[in-house]
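Structures are listed in the sections that come next.
Note that chain A is present in both complexes that follow, paired respectively with chain B and with chain C.
Then we have the complex of A and B:
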């Protein structure tokens, strides 16, 4: 409205007087007045620029109808990604409230309801100012979430340390944490390709045990052994790693005795933390391992205090056995049952790399006398397909072996593609061995159905849309190969502009995946959040 | 919350140091001083493995030795500097007890896997390499070997060229160089080297090496100690136990189920005991380990249809050092070499602060002077170890020699390439080249000796 723009400079008093005179347009004028006040506050406090729209939310009740138009416009901006809620938020609210109170004084003819609203505003402003004095950003966050009841409790997550390697502050924090836990820090090796310089890159020839004492006294020997097996690749594969981890934890629990004046439920969890850091240093934890650890920690904390040591330990050992039995062994059987329905006679099935679950399915299908043949696709430098090939041929299944460069050559022959997964992310993306997304893409182009087999304990709440943000860098020296006595890449470190990249994982978008076979049934890729929600309710 | 120490039951490795050996190959030196206490770089030989264990992080060692050595150890200042707790177990000196017998003797003290060392090992190996093999592959035995060190110094008392090749060891390793497939000494192979078909089938590519020296450092599982306890016929670790374990890796009885009768086994009736023991190695969660191994996509070999490790439970590994120092002080030549190299291992002041050295003395930088020595004017000392309480008078030239404790060297002597044991007295003007002067001997003045071993007459009676 033209009038309001003219009176922009004159401040709230003129607007209020006009409001007195013009009864009908009171609310609109008030709206504009408040908008003007906001603008002035913005100009006045440029630092807290982005908080100004937030403080408008706190003014909800006061000028009653004044807010509706401003609120929707500001709401989306509040959802904007400022993770750290400044304590300055309430400050403009105070100023606004102050403006409100002055306005109230000048309007003795205001109705009781309006007075009440203003009182409420004042109270809220006081509360907000107290919070501001405390400087507690966290308390402002629930206030923010109250304003957006439609969302499920947005959790403010910190970025994990392992994808912030190029940030020296994060590294310093990590070093301090490891020092406190008496675990040596493993140093990165070699030149990292710039796109992945935020990830760790370790050398297999420099194991963490170099810096540990022999015999290891700080870390349980079973955990040291496990860490070595992880870093040398002796235990590889999502399921194998989880089972080995739980086995080692069983030994730790068996050898554990509660110190005096401590409770098992709290002390044991604290004992496990440095072990987990150690294993993380040896090789970054997988999603399945993370879920297993969460489960154990929950079980440990749920142990009642009156429980004696021996009973508690037995209970925990039983829990671990049950977990492995249910989530891994029985889940594999259930998945095999569903998957076998999908395998028909005369099928040509393509598999990639060595997935224990897919191998299991194929072996069971073969035992149930389905007639099919398998094409094993393999890729350097791990060449895991050779192991898959060995296991399948040992059973008597007819196999063909190609490298991934020949996948578009062989796909016209293929009727189905079975892929294993390392983890299933909350937005339906499949995280698996590098090369999987390529195969899924080519299969999609040839209209070949892609079926991903994954147990539910590998579902994780992370969301990722590309393979760069969070990945694992393996030892770059693995890419060096010696043929006919010549090793071309021997001195790759001396060449300045050369970087070797050995990625381990990649993510496949759900558009390329036709079906996910889990122990809960056959679901589409986009139903993963549903499963997660069901799981959370259960837990 | 402190991360805390583990209880005794969860200790990973126990160290056992074998120091009861007699030094049978260097009797000239050892007839008075037992081998563990011979000075190398002015520290007793036993100090070196103890120092290795201390550096690596051990807190306790079980030392198996004789009473005499224990007495000497308790008075030696260098041993007192060592901070590890020494649990000394004394055994009889008559030499009937082999290393395996000694392990049987201390069987109650052993609660977990052990690391067995010999007292005469001088090395700067990164011990984690050996222990990592032991841990990662869940091995029954892991040992250390190194390329044979050529001794270049002239050894006193050796006439002519060095003896022709001593009894060589034939060591067979797989393509990765880590798994031990075959081990035999030349003495045991009369007709030739024969390799079993089962080994060739499983490991078609085997590298057989002869230029390796065993460092006598072994990591053994506790089950092996239990096995030795049961089988009193095994008396030496190196001579009998190790070849037995290496052979047993490919024995049929191990790979089959526990209940199988060993009809096809050869001479040893001990095999079924071993089978039952070795199979009882792991903890109660054998099935979980099995599950993890099944699900893992790793194999230690490729080209055939069998699973990782060919399904065998008994595995022996070896770490072969190609760089660095590693040898055993069990011959005179090795002893002299040790004295040359040992000072380079540690950075310590070459001259002990309490030694009195006159200013007109020429001393090379690679010499070591011990405690309370007295070195007079116009002496020249090059590449020599001089022990404690030794006095050297004027105008003496000493080069490339080893002089032990409490030795007196009169004026005008010329000593080259020699080893002079404790309490010896070298007369005035004596000229010694490449000699070995035994303990307590005295050399007459103005005598000239070249390439001789001078020991007492009572020593000559021993054969």
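Then we have the complex of A and C:
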């Protein structure tokens, strides 16, 4: 008991340090206290007890003596790292979470830090309870099921900033963060259609780099260049953007030197954060870029402290090369191998826009002497199909070119549709360039099989059912066109009630897609969460 | 001689009309709306009736058939020309029958029955000469012209029955009928319109500017975004170039995609089409149904070398099957697509008139 009193007086930091360094289970006193607090909370809600009553009787007096709010709040937070090490802690973790609410109820006046710590504790407890579901058996489960509904679990996931543009608090927070990182804030442009007021809409004519001072000491020049290439559309396409990002990071790592008294594993990650914010401001990150960044951060934090600078940097550069090679280059080869089985002689294949993967597949199939012809469908305002057309024609493939409004005219001739993807969402929806869902819809109406090709590193945990909640709005001025000397929409900004909408992505429901070809094989659209789970276990 | 002057004047006008038809069609989309074409055709037919030399109804019908064939041959995709010719032929037959004194009006309801039982009216019946026939026919054609002038307004009057407040309505390309329809509703109700621009001609831009000037909140989207935004749309209201006999449409390209997207989201698809767009044709094979314009619109000459190595298509029209359509709104009210065939027959009864061209 004396132990616990000592810990009562010492600040929260010691508790965290202790748990981190030792990774040990909580001391018996702490466990008891937590259990008791949970019991109190249960009693308060008039739920029946699961734990042994005698424990409660034993613990009541010591608990009544010392009930500082900080201590129980730190205990769960110390547990969070130790969660991963020992599995016997889930129940006390839940108890701690339960304790938090009772403690909160009993003590109305709390300091900000305490509230913050409590919230964190609740979140950790929530996460722990989810883990604990797999671990502990019957005893923990009913306890948890009682505890969980009785608490107000806050949302564990944080909503990304780029879909909360209509929330002024979020914008203020973002502005503050960018100021801290010394990155200029990009302002929205033009009248936004009301349905999309929660998204950013930037103008291509006002790139972020105009607001940077030269020379910029905060952001590495390779990153500045990359940001400009993104925002002007010079580097476009999921794979291209990821590869460019990784190459820029390689340059950053090469030029990096660890400042004294700092560890590479922590400092480099902190250095990368403002770069990522800057790139996000130039153009919202894609799902594949997000996954790549997660991988790099993980690799960096796994660098052992004893490693020398040079060694560490070489290791990181190798990791990045490995990633690119495995996830992109080799994956493309694997996908091409599977896809070529699906292409037979005499096929008429329809492709949409410019997907590097699909172009790769077609070129390989052509080299393997399959006889087929390709119909390239394109759409305004990006007109990416022309790029695909050039590449295919260069190889010698017979091509036809139409705009997306002529798809229902040309589809009776088509035998297969190959589509690329920007990301595959966890509920089986395919997120891809706007217009893809339309092509899949019309193909379905004509009974033409639709095959989506996507590498596994583009799979992401998000779920989405429509193209509104999370999308990207491109420059609305792109829709303006001059025909026969007349530009109808020239002064659209002056007209009050007129808006232009230039979407970049849309989601295709899984019933339109017949097959997804990935580097792991050919799977149906609904198996994406399975692949994600397998990947997470591997990582 | 004054007679021959009139004749040459008449032929000149016919030639001018034919060349306008030819030129107007092979440009960048229809240069003028269908109602203008219909009016001009009817005016020209009235002039033919007034100025050409004929003695009996049969002669007149022969002349009109001949000119009609030439007009449809000049621009096969412009079906309103053919429809107007058929209407005028019907008018002539009716007036002839009325002059003869037989009670043709009573047989209106039995038109289908007549079609099946009568072996086809023999041409001799039209050889009789009636003095007031010319005046009667011209008067009837004038009535037809007034009807044509009022079609857009008639359709627009029905707008408030179909549009309620705070709706999101989607349309594609530019249709003067739909424009009038929406503007009429906007006088009393507030709603939002999304216009798909309909590449490559981008007529949706004109439509959007015109609607926004009338006080309607408008958004322009690219064709590729039709399915993406369809989930938020309450109604789809479009115009069409022709309504076919089976209830299907020949509409501007991109309409089929729009119709499929609407069907997928169970959004009603409403067509605003005046009666003169109703045609007794069925959707034939690709050769006669589709019309193509210069692929320069799709892949411009500036693309250079690859132009010689690729095929580029630029179709103007789309076929929309009748099962995707919810409602037709015409100047005589609203009706379902399945009744299109019946209306077609009622408009022009006898078989010979329907096949005045050698189709």
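The definition used in the following text is that the second predicted complex is superposed on the first by the 384 of 539 C-alpha atoms of A that agree within 3 Å, B and C clash if a C-alpha of one lies under 4 Å from a C-alpha of the other, contacts with A are read in each partner's own complex, and residues count from 1 in each chain.
By our rule, contacts are C-beta pairs under 8 Å (C-beta built on N, C-alpha and C of every residue); 3 or more make two chains touch, one makes a residue touch a chain.
Here the structure is a predicted model, which means the values were calculated and not measured.
Visitor: Just chain B (first), just chain C (second), both, or neither: which does A:235 touch?
Guide: The answer is first: A:235 touches chain B but not chain C.
Visitor: Name the contact category of A:255: first (chain B only), second (chain C only), both, or neither.
Guide: first
Visitor: For A:515, decide between first (touching chain B), second (touching chain C), both and neither.
Guide: So A:515 meets neither chain B nor chain C here.
Visitor: Looking at A:269 after the superposition, I want to know if it touches chain B, chain C, both of them or none. Which is it: first, second, both, neither?
Guide: It touches nothing on chain B or chain C.
Visitor: Could you look at A:356 and tell me whether it touches chain B, chain C, both or neither (first, second, both, neither)?
Guide: first
Visitor: Which of the two partners, first being chain B and second being chain C, lies in contact with A:484: first, second, both, or neither?
Guide: Touch partner of A:484: chain C, not chain B.
Visitor: Return first, second, both or neither, reflecting whether A:386 touches chain B, chain C, both chains, or no partner chain.
Guide: both
Visitor: Let me check the overlay on chain A: which residues of chain A are in contact with chain B and also with chain C?
Guide: On chain A, the residues that contact chain B in one structure and chain C in the other are 386, 390, 393.
Visitor: Please name which positions on chain B make contact with chain A in the complex.
Guide: Its residues touching chain A are 1, 3-7, 9-14, 56-59, 126-128, 131-132, 135-138, 283, 285, 288-289, 291-299, 302, 305.
Visitor: Could you list, by residue number, the parts of chain C that touch chain A in their complex?
Guide: For chain C paired with chain A, touching residues are 28, 194, 197-202, 205-206, 208-209, 212-213, 215-229, 231-232, 253-254, 256-257, 260-261, 264, 290, 298-299, 303, 306, 309-315, 318-319.
Visitor: Under the definition above, what is the set of chain A residues touching chain C in their complex?
Guide: Against chain C, the touching part of chain A is residues 193, 195, 379-381, 386, 389-390, 393, 399-410, 433-435, 437-438, 441-442, 445, 466-468, 479, 481, 483-484, 488-489, 492, 495-503, 506.
Visitor: If you look only at chain A, which of its residues touch chain B in the complex?
Guide: It comes out as residues 181-182, 207, 209-210, 212-218, 220-221, 224-225, 228-229, 232-237, 239-240, 243-244, 246-247, 250-251, 254-255, 257, 259, 267, 270-271, 274, 324, 328-329, 353-354, 356, 384, 386-388, 390, 393-394.
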